[in-house]
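Look for subunit A in each of the two complexes below; its partner is subunit B in the first and subunit C in the second.
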Partner chain A sequence: MDLNQLRKVAAEVVSRDDVKYLIGWRRGTFGYRVAPYFVEDAAGVDELIFSPLCISNLATYLTLVEKLPVPRGQEPDKRKVALLVKGCDSRAVAQLLVEKGVKREEIVVVGLPCPGMIDRDLLAEKYPETDKAAELRWNGEDFLLVGEGEDIVIPRAEVLAEKCRLCRHPNPVLSDITVGEPVKPWAAADDSGVAEIEAKGAAERWDYWEEQFSKCVRCYSCKSACPLCYCEDCILDRLDPIWVNRAVNFSENTAFHLARAFHLAGRCVECGECERVCPAGIPLGKLNRKLAQTVREEYGFEPGLDPEAEPFQASYKPDDPEEFIL
Partner chain B sequence: MSAMLLHKEKWSEFTGKLSGKNLWAPVVQGEMKKFAPVAEGDPVNLEEGNTTVPPKALLFPQTETLYRFSAGGEELELPEADEEIILLGVRPCDARAIALVENLFRWDFDDPYYLKRRELTTLIGLACNEPELNCFCPSVGGSPASTEGLDILLTDLGESYLLETITDKGKALAEECKDLLEEAPAGAVEQKEKLAQDALGKIKWSVDPEGIPEALPQLWEDPLWGRVSAPCLGCGICTYLCPTCYCFDIQDEIEGSAGRRCRMWDSCMFAEYTKHTSGHNPRPTRRERTRNRINHKYSYFVDKFGVIACVGCGRCSTLCPVNIDLIDILRQVKAAQ
Partner chain C sequence: MSEQFKPNIVAFLCNWCTYAGADLAGTSRIQYPANVKIIRVMCSGRVNPLYVVNALQQGADGVLISGCHPGDCHYMEGNFYARRRLKLLKELLEFTGVDPRRFNMSWVSASEGHKWKEVVEKAVEDAIAAGPFDQFRRRQIGW
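On to the complex of A and B.
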């Protein structure tokens, strides 16, 4: 990835009168951290990076923005928001367009073909984080940890994030500007995480999820980080009636996670943010990927590939055989 | 304070003895480290650093029943009485947090639920010989061997633990275990002090809080809040997993004709936290909510109780999914002053 080219494109984009800011990534404050970065003018682009640590999905910020009421007599700021997207992130944008959560004319999409991201925890197990912000690069198939003395080559298989092992769409599915050459998609690995759970018996599966959901502290980082969890009025916040109790226990936690999973069926683009941000290490990706797999296999539908597609859960065909209805 | 020695070969006997008295200690469950009950013979994990969920959760449970009620019932039913509990392996920062939070629960009203539990709890600390990556306790008045809030402090001396009793509660417990303890030999306390000194030297981050409580109100509209809160996802990680955050909500849970009134953790980082029934929200965006989080810890609590409500455990910085770093924010506050 040629960072100079990215920064040049970014500078042009943020300098446009119709662009408010560009959302990208910059180096974090320590270790393998990378922070989402809001660039407001061309002077800010020098800090922009695109590295194997830029795993977070910035599409979340499109719906996360909290707009203050516009004072009487003033016009709302209608400038566009520009953002950098990898393949998976672009699918979230496409799905948001399908759902009209975001309008096409409100955004400028800068596509970045993605050679695959690092799972920070896997990397930190081998090379513990330090108080210095580390630099990681792609190095052919592998990764390179840029050291103060010698650089360390880290084999791809050792630290590649699970979502990237399973990735079928590393190139952005939509963009206004693409920086870098398309990458050659790799053969997606079998989803052993989902298969492992499918292989369990019902009782064993129940025990597995009981253990997982019991760890949940209901910080809602999964729903906060999810680019497609953006209902203005979430059932979890309802107080009258209370659909899901605030009480933290296995029963309520399960109600929360299953409600979220069902609401994401046919919408989840498998960006893996829910699982990445979870402080309890609950394997939410497996849950959401199972539903995505079912929708793909049973209905031949994959969300977030076509911004013009009909939304899966809201589409209807008169010739649907409806074989499951007795 | 008296010092004794607990040989590591007596460790399982020691924990075995305590396990009969409702012992809780850190356990590792996948990525999650938390305090869990320890039965006799269960391994106790003291190797890892801080637990993901701080031990505040044992004194101030995430959900607790205040009382039960039923339609037509004349009496409110109080929850079952708590029992005595021993927390083993509490890090000094988390123990200090428990001492700080007590200010709140003793403030305008003595909170019977919290204070009863506090009374029933014995805290056995473990000094941090190896501080973690984001520790900064000395900057906010703590230290890797601080005894504040603790009843007993253990220090790993290699072959044995130095066991120092801090309170009468700690002394009484040590007395019960005296068969397993021996007099600390000459030099053991000095060795502990040396370890504590070395630990201080291993801490990477620091910020001088001098002037921050006074500066914060002046920086109310400073652009720094927009900057630092821009990446915030608005989740509850930094508050729920903070050892000094104590905000709660009270809700009724009703099933059929009976229910309970319960108290549960709440987070000032949630939009719903300050949302009025009218729909108006005085903290409408994550900018105001982030500003509140910092102001509460580094200004309001100081005004009220004379101490910063942060113990420098570093959890918020370590666990934030988008690298919002408390030290970075404090440094920006100092720079904007």
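On to the complex of A and C.
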């Protein structure tokens, strides 16, 4: 990835009159960490980076932004928001377009073909003393850690994030401008963790999820980080009717997680944000992937590939499977 | 257990077909188990999957959802949506370890009193086989 090319394109985009800001990544405040970055003018583009740690999904910010009421007599700001997207992020954008969560004319999508991201927890675990290193880069198939003495080559298999191991769409599915050459999709691993759980008996599965859901502290990070959890009036915030009690116990936690997973059924683009931000380490991705797999295999539908598609749960086919119905 | 386990089954029935079907079963004096607690909804498409989760939380041992046959929906397409949605819910519940026998769905038309009887018998049989479902029950908050 040529950063200069990215910065040049970004500078052109933010200089446009009809663009409010560009959402990208820059170096965080410590070591190799990466933080989201809102670029408002061309002078700011020099800080933009794209490294194997740019794992966060910036599409979340499209719907997270607060829409204040426009004072009387003033025109609403109709300028576009530009954002950098990887393959998975672009699917989230496409799904947002399907649901009319954002409009196409409101955004400028800068696509970045993604060779795979690093799971920072795995990196910290395997290379604990490299925290302060300045930079991480792609090095062919593998990753290269620069700074603090000698450069270290980190084998891809060791630190590749789970979602990237399972990734089927590393290239952006939609973009106005693409920076860099498309990458060749790699053979996605099969071990999504779904089959492993399905192989267990019902009681064992219940025990497994009981252990997982009991860890939940109901911080709702998964909901906040998810690019597709953006209802203004969320059932979890409502007090009347109260769908899921706020008590933090196993029963309510399970109801919450079932509701959360269900609301993403046929919509989840498997960007892995929920699982990444979960402070309790609950494997939320497995729930999402299970439903995504059902939708893919039984209905032949994959969300976030076609911005013109019909939303899965708001459409039907007369010959949908119904072997479970008496 | 000296007494046989009597499951609680919550049934969400569509107003136009299955509720009328259950009514027909009643007026025709068809005998069927009394374990179902019927909740009438206007369409099987009205059944929010969270109703099912909530029923299980509040002590139901099984849930039965029944509506019109595909193509017969009073609202043209409500049961088609229900079919998609509840299929996913069934898969999700199964994946989290809820016994799949606790969740049943059927199409029963207004003239199928006998089918309603069979469906209820099957649901009750399934719920008995699956046993009482206490693990998921909502905890009463007491101070």
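Keep this in mind: the second predicted complex is superposed on the first by the 307 of 326 C-alpha atoms of A that agree within 3 Å, B and C clash if a C-alpha of one lies under 4 Å from a C-alpha of the other, contacts with A are read in each partner's own complex, and residues count from 1 in each chain.
Please note the rule applied: contacts are C-beta pairs under 8 Å (C-beta built on N, C-alpha and C of every residue); 3 or more make two chains touch, one makes a residue touch a chain.
Values in this document were obtained by computation on a predicted structure and should not be read as measured data.
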Partner chain(s) touched by A:E298 [first = subunit B, second = subunit C, both, neither]: second
Contacts of A:E158 with subunit B and subunit C, given as first, second, both or neither: neither
Partner chain in contact with A:D207 - subunit B first, subunit C second, else both or neither: second
Which of subunit B and subunit C A:N249 touches, first, second, both or neither: both
First (subunit B), second (subunit C), both or neither touched by A:E322: second
Touched partner set for A:E99, first subunit B, second subunit C, both or neither: neither
Which of subunit B and subunit C A:D121 touches, first, second, both or neither: first
Which superposed partner A:T29 touches (first subunit B, second subunit C, both, neither): first
Which superposed partner A:E135 touches (first subunit B, second subunit C, both, neither): neither
Contact residues common to both interfaces of subunit A (with subunit B and with subunit C): 245, 247, 249
Subunit A residues within the subunit B interface of the complex: 28-31, 33-38, 56, 60, 64, 66, 68, 121, 128-131, 211, 215, 217-221, 224-225, 237, 239, 242, 245-249, 276-277, 279-281
Complex contacts: residues of subunit B adjacent to subunit A: 29-32, 52-53, 62-63, 133-134, 204-205, 230-231, 233-237, 240-241, 249, 251, 253, 262, 264-265, 267, 270-272, 284-286, 317, 319, 321-325, 327-328
List of subunit C residues in touch with subunit A within their complex: 49-50, 53-54, 57, 70-71, 77, 80-81, 83-85, 87-100, 104-107, 119, 122, 135-139, 141
Contacting residues of subunit A [partner subunit C, same complex]: 194, 197-198, 202-210, 235, 243-245, 247, 249, 251-252, 254-255, 257-259, 261-262, 265-266, 287, 290-291, 294-295, 298-299, 312-314, 316-318, 320-322, 324-326
